[in-house]
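Following: one structure in structure tokens, then a few remarks.
We just call them A, B, C and D in the order they show up, numbering each chain from 1.
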Amino acid sequence: MGDKRATLAEAMATVPDGARIALGGNTLHRGPGAAVHEIVRQAKRGLEIVKTAGAYDVDLLCATGCVAVVSAGFVGYETPFGMAPAYRKAVESGVVEAREHACATVIAGLRAAIQGVPFMPVAGLQGSDLPAARGFRAVADPYSDAQVYVVPALIPDVAILHVQEADSAGNGRILGTRFEDVLMAQAARRVVLTAERITDGAAFAEAPESVAIPGFLVDAVVSAPGGAWPFSCTPHYGYDAPYLASWVAAAAEPATARDFIASHILTSTPVPA
Amino acid sequence: MGDKRATLAEAMATVPDGARIALGGNTLHRGPGAAVHEIVRQAKRGLEIVKTAGAYDVDLLCATGCVAVVSAGFVGYETPFGMAPAYRKAVESGVVEAREHACATVIAGLRAAIQGVPFMPVAGLQGSDLPAARGFRAVADPYSDAQVYVVPALIPDVAILHVQEADSAGNGRILGTRFEDVLMAQAARRVVLTAERITDGAAFAEAPESVAIPGFLVDAVVSAPGGAWPFSCTPHYGYDAPYLASWVAAAAEPATARDFIASHILTSTPVPA
Amino acid sequence: MIDSAASPAPWDMMAVAMARLLNSGETVFHGVASPLPMVATLLAKHLHAPDLTYLNITGAVDAEPERLPVSTVDPALLHGTRALVTLADLFDLSARGKLDVAFLSGVQIDAEGRINLSAIGPYDHPAVRLPGGAGSAMLMPTARRVILWRTKHDRRTFVERLDFVTAAGNVDRVVTPLGIFARRGSRLEVESMHPGVTPAAFRDATEFPVAVGLDTPVTLPPTVEELTVLRAIDPDGVVRSEFA
Amino acid sequence: MIDSAASPAPWDMMAVAMARLLNSGETVFHGVASPLPMVATLLAKHLHAPDLTYLNITGAVDAEPERLPVSTVDPALLHGTRALVTLADLFDLSARGKLDVAFLSGVQIDAEGRINLSAIGPYDHPAVRLPGGAGSAMLMPTARRVILWRTKHDRRTFVERLDFVTAAGNVDRVVTPLGIFARRGSRLEVESMHPGVTPAAFRDATEFPVAVGLDTPVTLPPTVEELTVLRAIDPDGVVRSEFA
């Protein structure tokens, strides 16, 4: 396989305005923090974010005007820091469309994309206002006439995933929870990996089941030590609680958010404290 | 988790006549040989076998009158030993129904079972006589009106899988290719594992991604050293070519098949040469 | 509203009450932002339900965390797991009827036990955009039992009418700082009030009508054994984090 | 029908001809019972297509087997792989249009390149129940290019009418011991005959009409380099196994 190494700037430069981007990780954990910061610096516009449960990534990209649509099941910092202020404001003011999902319908949409079919049936949703709000249709099972909700294929233009180790061919090893990263890598038209470290990958052949992302699905791999920060990246570091607390406080007001972004993101590449 | 260890005879005694059984492995590799032999000794009747690509397992169970239906995409010994004589005879004489699948439609049916939905859309099948022969229906995508084939859920009553290592709680480690074993374990109402060795599983916590079958899906786990034989079980042993060659030769005629089964299976538990 | 002199701390009472609802042999799942379910499930497993299967969004199975995190997606919850499943696997487990208990919450909860986690005010122009229902719309109709918990019990939480129905389904119990609702038919009824809670206080905190009186049972306070095991599992008091 | 003095061994000719059809950068898949595709894919990767991605039913990606097995599901094909995908993953890859080449075969093949692997005679009361089409019904319409190979080239194989259409779709080439068909529009046309094969022999071995004559191109025989690499990859001659 060819050498797919690229710089973070090069890899993110391939993400066009208006792209539908799937971001790996979940809430405070193993999100592609460095890639998200580069997207802010490159001032992308009109992005759609696909994720089951987002936090700082969604919130920051809303604060910086990069986002038009958020397709997610949950956006918040969980119990540690609560709701996502910039995301809230952007949706409440109508600047960003919250294309609300159940996490399971994000997965169903990705599964349809992966399996090359236009829709995926999904159990549940009965009694919820979501199908009506989102236009999820029910179809009749041709074998029983039972009605089942189906979710349209959700095909990301780019999946951006942070892994603990990768080789130059794009084989990516994930330690611990894989979240929806593997589904995103299969569903997306293009895949960009950022990795804590790029190695020769010789050890991968000893334990190929530890390689979550096969290289042939990957278009670019970026060396990004600390590249999940401020998200956690087990076993290397936890999420940066003081940083996230200060961001959430700043994010409540546009002026303070702007100052925070200018000093922490635009002028420098943040790295783990 | 409780201790799920059982003897092979106990575990197979829970398989009723007429059950739909999913058998792990593929063609000559990591099939549950010992369990299949016990099914023969217990003289089950009217079974439906679910597998993408079967060989000795399907052929032997057809020769012994255990099977009514074979739901598979391929039945044969590949290039080494060619077609499955007893399966052929049983289908050609109308004793066994070949419920032919594309391997992908076996997977689609299992996926529907796993996801708790009545059907699963599947790409392809256009131009094939299979949908008409099998009654696979097409439905209109409610979002585009495109027609897509859908396969009904295929729910095995029991999945019978051979793994290299398991603990008493039923956590099963598979080395090498997992084939459809994981899908079968999720789709089936009950799961029986046979294992080359049962250990305390302490090492599983060091590499949980090597544990293909989580114990909470498993109902019984059987210590069965050599339990894949005459199938291969990497890295412990390859398939038993001389044994399979002699079986395929014997299987061509009911009389020779009967003698072979009497001397090799009914009177003893075969073990690797 | 709770006379703390006569009553246990609400976090202890809720964790213990939730743990008592779990049975050995059951498969139990919690998702994001769920410290109380995390503590309650581990508590039940250490007390009366050793064969309970503890599942959570990390994909761990019966993990034995060395420390309890405030984020319930934290890798700390992987410690000791012998298998790693995915969130998709866990939703599928529920979808095919093999998930016994799912813990969910709601910013608004109505008398039928339906929940709103989506928006306050008009859905398309919300006064407050909430985080969203995560797995609830799929889990509530498919899990065998749904246990709702909410650390706020007031008239803005337990409402006559939801602004949006994020999810509805197989609610079994609702545990709050004031007491426990059980669903009878299609409606929530008060099963018990926690020690020190008066019928008037419970009624005043609930917008929809509830039948409570002096004959309403009182929740058994946490026993010494329950509190001892709880402190051992959660020495840092993560159980209090949802009350911050 | 092949003048072996003037011509290469059919297994060598077929393996080389199949390898020449593969391009660097392509994703290439074979399934069960596929020794010639296995050898041809590895041969192409060692010759002109180093960046070809070799996928097979074992789930290995670009494995470098130390020995070639006769069963093409054999764990020997896992050697050196850095990732393990599943058969379901590989079908999905084709389903979403990202599989460039699938190798398939047929017991009967018609003039449109459709295949029968299901039954000879009436489907419901077959004279011969065949092994079945494995992945073909799903792969033929979805893979970008399907390369058929068959080691028998006779009138019972290349037929006017299939007894059953197991699969149909994106056939690009058909490689046999006598030559190579290419699909033009909806029909197979003879692209070349292998060295030593006469137009009469080719015609007589094919039930459906084929345009062959003295102006029909002759397949370039295996070069010394091709045969040298082939012997190095396959010292045990697994390439001959389908002719046994």
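Convention: contacts are C-beta pairs under 8 Å (C-beta built on N, C-alpha and C of every residue); 3 or more make two chains touch, one makes a residue touch a chain.
Quick caveat, the model's predicted, so the values are computed rather than measured.
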**Report entry** Chains touching both chain B and chain D, listed by label
**Finding:** A
Query - Pair sharing more residue contacts (C-beta pairs) when B-C is set against A-C - result: A-C
Query raised in the report: With chain centres set to the mean of the C-alpha atoms, which chain is at the far end from chain A?
Result: D
Requested in this report: State, to the nearest whole Å, the distance from the C-alpha centre of chain A to the C-alpha centre of chain D.
Outcome: 41
**Report entry** Separation of mean Cα positions, chain C and chain A [Å, integer]
**Finding:** 28
**Report entry** Inter-centroid spacing, chain D versus chain C (mean Cα positions, whole Å)
**Finding:** 58
Query raised in the report: Can you list the residues of chain B that touch 2 or more other chains?
Result: 115-117, 122-123, 209
Query raised in the report: Going by the touch rule set out above, which residues of chain D reach two or more other chains?
Result: 78, 84, 94-96, 142
Query raised in the report: Which chains touch which?
Result: A-B, A-C, A-D, B-C, B-D
**Report entry** Sites on chain B touched by chain C in the complex
**Finding:** 1-2, 113-117, 167, 169, 171, 186, 201, 204-205, 208-209, 211, 213-216
Report summary line: Note: in the complex, chain C contacts chain B through residues 27, 51, 53, 55, 61-62, 78, 80-85, 89, 92-97, 142
Report task. Name, in rising order, each residue of chain A that touches chain C in their complex. Result -> 26-29, 52-53, 72-76, 78-80, 83-84, 87-88, 91-92, 94, 98, 100-105, 107, 111, 122-130, 133, 176-180, 182-183, 232, 234-235, 238-239
Requested in this report: Would you tell me which residues of chain D are touching chain B in their complex?
Outcome: 31-33, 35, 57-59, 70-75, 78, 84, 86-88, 91, 94-96, 114, 118, 123, 125-142, 164-169, 241-242, 244
Query raised in the report: What does chain A use to touch chain B in their complex?
Result: 112, 115-123, 137, 139-144, 146, 148, 150, 152, 207, 209-210
